[in-house]
Amino acid sequence: MEKLHFDSDYMRGAHPLIMHNLTATNMEQTPGYGSDQYSEKARQLIKEACQCPEARVYFLIGGTQTNSTVIDAILKNHEGVIAATTGHINVHESGAIEATGHKVLALPSHEGKLRVCDLENFIDDFYADESYEHMVAPGAVYISYPTELGTLYTKEELCEISKCCRKKNIPLFLDGARLGYALAANPEISLSDIASLCDVFYIGGTKVGALFGEAVVVTNPEILHHFVPLVKQHGALLAKGRILGIQFMTLFTDRLYEIISRNAIIQAMKLKKIFMDHGYSLYIDSPTNQQFFLLPNSFIDKLRELVTFELWGSKGAEVTPVRFVTDWATSDAEINLLEQIIDNIQQES
Amino acid sequence: MEKLHFDSDYMRGAHPLIMHNLTATNMEQTPGYGSDQYSEKARQLIKEACQCPEARVYFLIGGTQTNSTVIDAILKNHEGVIAATTGHINVHESGAIEATGHKVLALPSHEGKLRVCDLENFIDDFYADESYEHMVAPGAVYISYPTELGTLYTKEELCEISKCCRKKNIPLFLDGARLGYALAANPEISLSDIASLCDVFYIGGTKVGALFGEAVVVTNPEILHHFVPLVKQHGALLAKGRILGIQFMTLFTDRLYEIISRNAIIQAMKLKKIFMDHGYSLYIDSPTNQQFFLLPNSFIDKLRELVTFELWGSKGAEVTPVRFVTDWATSDAEINLLEQIIDNIQQES
Amino acid sequence: MEKLHFDSDYMRGAHPLIMHNLTATNMEQTPGYGSDQYSEKARQLIKEACQCPEARVYFLIGGTQTNSTVIDAILKNHEGVIAATTGHINVHESGAIEATGHKVLALPSHEGKLRVCDLENFIDDFYADESYEHMVAPGAVYISYPTELGTLYTKEELCEISKCCRKKNIPLFLDGARLGYALAANPEISLSDIASLCDVFYIGGTKVGALFGEAVVVTNPEILHHFVPLVKQHGALLAKGRILGIQFMTLFTDRLYEIISRNAIIQAMKLKKIFMDHGYSLYIDSPTNQQFFLLPNSFIDKLRELVTFELWGSKGAEVTPVRFVTDWATSDAEINLLEQIIDNIQQES
Amino acid sequence: MEKLHFDSDYMRGAHPLIMHNLTATNMEQTPGYGSDQYSEKARQLIKEACQCPEARVYFLIGGTQTNSTVIDAILKNHEGVIAATTGHINVHESGAIEATGHKVLALPSHEGKLRVCDLENFIDDFYADESYEHMVAPGAVYISYPTELGTLYTKEELCEISKCCRKKNIPLFLDGARLGYALAANPEISLSDIASLCDVFYIGGTKVGALFGEAVVVTNPEILHHFVPLVKQHGALLAKGRILGIQFMTLFTDRLYEIISRNAIIQAMKLKKIFMDHGYSLYIDSPTNQQFFLLPNSFIDKLRELVTFELWGSKGAEVTPVRFVTDWATSDAEINLLEQIIDNIQQES
């Protein structure tokens, strides 16, 4: 029997409509590097969805590349970027930020989130320090939404962080690799809220229905200049840019991005309930498509015979944190089958 | 009327078989970052095609990214990479090599090619210089095949360069962004020759039938260590790696890569003949899919009303060099229509 | 009245014997970049003092430069350097390490020191993590002796760290900007112990009697290749290298480095006693030339009218940590005057 | 017998007055990193000498370090620096510019000099190229005065280059490692001319009477921000900054820099005349302290038994270019002895 997979949200290909549109336009000839009409159409649709007509939109290929290119473009040579210790750029990008010459200034993570008080204190302390010229200046703030741990900032928290950044004159950059899932889980914050609270952010495609692709939205034109040559320099400028354009055009036509994102949340909530109903405890209480549980090792071993998922860190003595991820295409059948498997294991023991 | 396009070989999507295979496997779930079975299959097929079972094969997304990641991985901190002044890395990658901290050591270009005598002299002079420790040491040799100008090394030339590199103990890296077209144009050199003469090279997919993708083949394992974290650090590790795997698996099944490459050469030779038959002169005599002519400006202006193509450099007083590019999908109809357009322009004047 | 100064150990010029030798040799002509006879003599003397005849010795100008050049030379592209959160490279070098492309992997600081258990766990956890190729690999361990907080590793602690590094095959780099003061304060560890426990370290001149200069001692030749071009590339190769040679030749003739280092410790212990006898408490109990106290703000204000010293961090509500630093030239008269000033302030209030 | 030395202008120590002042102030305590009163005094004196009261002046240690720090500070990420192919930054700094991520855009060298027409054409061609976003943008112009080959720009040439840079809005940076010798050789251009024609330049101390040190003068405050943390990041911030301050204070008191520079030119002209009178030909006709001759190899061999000097490049079949360098301290006796040695060799043969 084929196993069930809940390892990550980049295991499948793209939404079928994307595959259809890529195929339908496949033999057309378009100019390169994003200067085609599909990319232009996608940029328009995204600006409308953000209610930010003056924004600039760029399409890059993947998350690590987008983070390092944007952050390198924003920072001055003597500056670093503030992030939570658990932030993707601080942990899981093989030092991509440092490879561009900049320090990640790590602040405490509160279930994946930065706290505005930590942020404010850090910046104040920096400028209060008499030897601040020998220290790395905070030049940007990086947050992700949802965070590495699936958690979400409340609107109030996000507003406070944004306000702090503006008061301190430090750009706020939001990594939205899973932005669709956050928007679906927390209707309190809309895409246009994101656009108005951040200086630059990206809308993740790779994990939300595309083959690959991240749409960078720059709402504060002051912070980013000469971005295209930098994207090229970072090896992040796709020759056949229209492939990115067609994907985002599809995702932002008829609210597809919004609609397919919802499925991941619905299935994640079912998945969470199944584990809780079967007596397992949450490792973190995540409202999004990544779900974290503390499972007994013996149960993990049995479950892994039929289901793939990630251990979250190294194995504990008796229990271990694990991560289950749903996506835009997770089906009721998969969730039901998972429940049945758990039932069976429990009955056997 | 839709214009005819000869601007570049990255204007269309992918070979239909690739689109078919991507679509057919679209809803499958596979592990990420190239650890899937399609990528593994593609690696096997490429190693067979190279007759180099012990090679290591990695899939990256685009040319600039591949060049800078491989070169950064090969070079030591104090070293630079030798290239022809016209080399892509020296001219058209927005300083991607330098952004990784390394100098491009530019040697004279002979219609796009490095000469082994220049190479040998440069290396000898370097070590003969008493202040060589204050200079950038040659740490790798970069050539492309075909070159930026569509030209090809002869087998003898390539063997000499390879021999020189091995004598001097300097890795030879071959940029094969258009490798298929070179192999089709010059049967004297096979893929397994390339594998045995170079230490590392890549097989271009973006310009030869894929949506995107470059297959890096490392035949000398000594020169490259810890490549995966470096690929990640460079933002060049595709999450859904299987998309690269499926594309190269398709291209290297039933010799598709070889077969579709031939078309570009056949059409390019027809295209060359048309221009020559109509009295226009070659700017460079290229045997591959990029063709360069010296055209009168008045003719260029008329032609551009119906056909798109690149001016090669800035406009001259009366004549200007131009580039026409064919690809794996260029049709007889397109070539015939081009001829007709040229006929018409000549008859009108 | 001229104020008393205890701000740092780089406020005076050089030991008078150094000034004498620089002046005596001033009009001689010697070849550049450290190839002169004085530098050669200094290298010999240092190798003898380290009892390590096969070591390689290089002279650089200052601490930050030495740290970033050595660490850049040791690390591979995908690696970072482990350091305590309080380590100089993590805090006070304006991001010099990151500017060379490498992450500082910060571990908890225990009064400035790394603990071997933290080190071992970090390295083990790294390789146990299934996604370690997406993380920055530990490629070197940086410690300083004394630490930023004036504290010292015991011989046992240093041996354990060294043993751990060798077991894990990770080079150990010791920043000895104030090494003379550590050796004077802790006779348990000799210079030859340092040489045998570390793979590379430096003997600080700037803070211990020289105008400037740090002597890098490489005892493990495997870890560092092509160092001279890298020193040049980092802008750290002094043209008139003999100025460094003469200074270190002087410091390592007749044990001058050892002898003058002792004075700083003797005066620091007197200074510590004065504060404690007057009822002030230690912030950290440092055995070296940096002394840290917790002083009432009102007392600080009065003291600062006559004495300069550093606040250690930002001002507290009622008490604030401060740092007093002695050096090779701190005199009895200075210490006595400090005591008198403290007496007077206490009597006035 | 001790040999005569004409290898370079960094073979001796410092002007005796500098040694005197360093010794006289040696035991004073001053704050670090250039915030002392001597550095402040030196900055004032230099601004007066430049007739540029609003300039900002910084002291760095050596030439390579100064070039890479200033250029890194001026350039944006996507930009490179234009220099002559023979420029020091392009040839003899071990890739220090590239190590900061920037390309050196090399233009033809005309006896070491850039021509304004080449400069203008290069910049115009860059922006005329339709793919300029894939190319490295010219972000600064680097010239040296005197050049690597000892030659000098005329005032007209320098004015034209300056005018071109301002028209194109590209900062002009002048490397004045040997500036004193240029000013002494060409009274047509004064220090205040340099200050008004360049955006940033430096006054070399290392080769003109100091132990070491380069004074960076920024006359266009727009081009350079946050320079101190960058200097620190580059490892170029001397802890005991007053040592630089005292040296430049001495050099710019009573026009010492100007006076001692003249000696090198006077002696260089005598030296040139000796070689020409003895029938040897010039390799380049240099008006400054570096003199280049084409000497027969047999003569070189005999001369080298008694005199040290540099071969300029690799040895020719019969004749080889050589370089002789005078400095601020070259004596009549040395020049006379050189003449006598040449006489003797000629008589013997």
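Labels A, B, C and D are assigned to the chains in the order they are written; within every chain, residues are numbered from 1.
Assume a residue touches a chain if its C-beta (ideal position, glycine included) is under 8 Å from a C-beta of that chain, and two chains touch if they have at least 3 such contacts.
Source: prediction; values computed, not measured.
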* Most distant chain from chain A by Cα centroid -> D
* Structure fact -> If you tally C-beta contacts across C-D and across B-C, the winner is C-D
* Asked: Which listed pair, A-D, A-C or A-B, reproduces B-D with over half its contact pairs identical?
  -> A-C
* Rounded Å distance, chain C centre to chain D centre (Cα mean) -> 33
* **Rounded Å distance, chain A centre to chain C centre (Cα mean)** => 42
* Structure fact -> Cα centroid separation, chain B vs chain C, in Å, comes to 51
* For chain B, residues that touch 2 or more chains besides their own -> 77-78, 93-95, 99-101, 133-135, 229-230, 232-233
* Within their complex, state which residues of chain A touch chain D. => 72-73, 76-78, 101, 133-135, 137, 225-226, 228-230, 232-233
* Using the touch definition up top, name the residues of chain C that touch chain A in the complex. => 77-78, 80, 91-95, 98-104, 106, 125, 128-131, 133-136, 310-311, 313-314
* Which bits of chain C are touching chain D when the two form their complex? -> 5, 7-8, 10-14, 16, 19, 22-23, 25-32, 61-66, 68-69, 93-96, 99-100, 206-207, 211-212, 229-230, 232-240, 243, 329
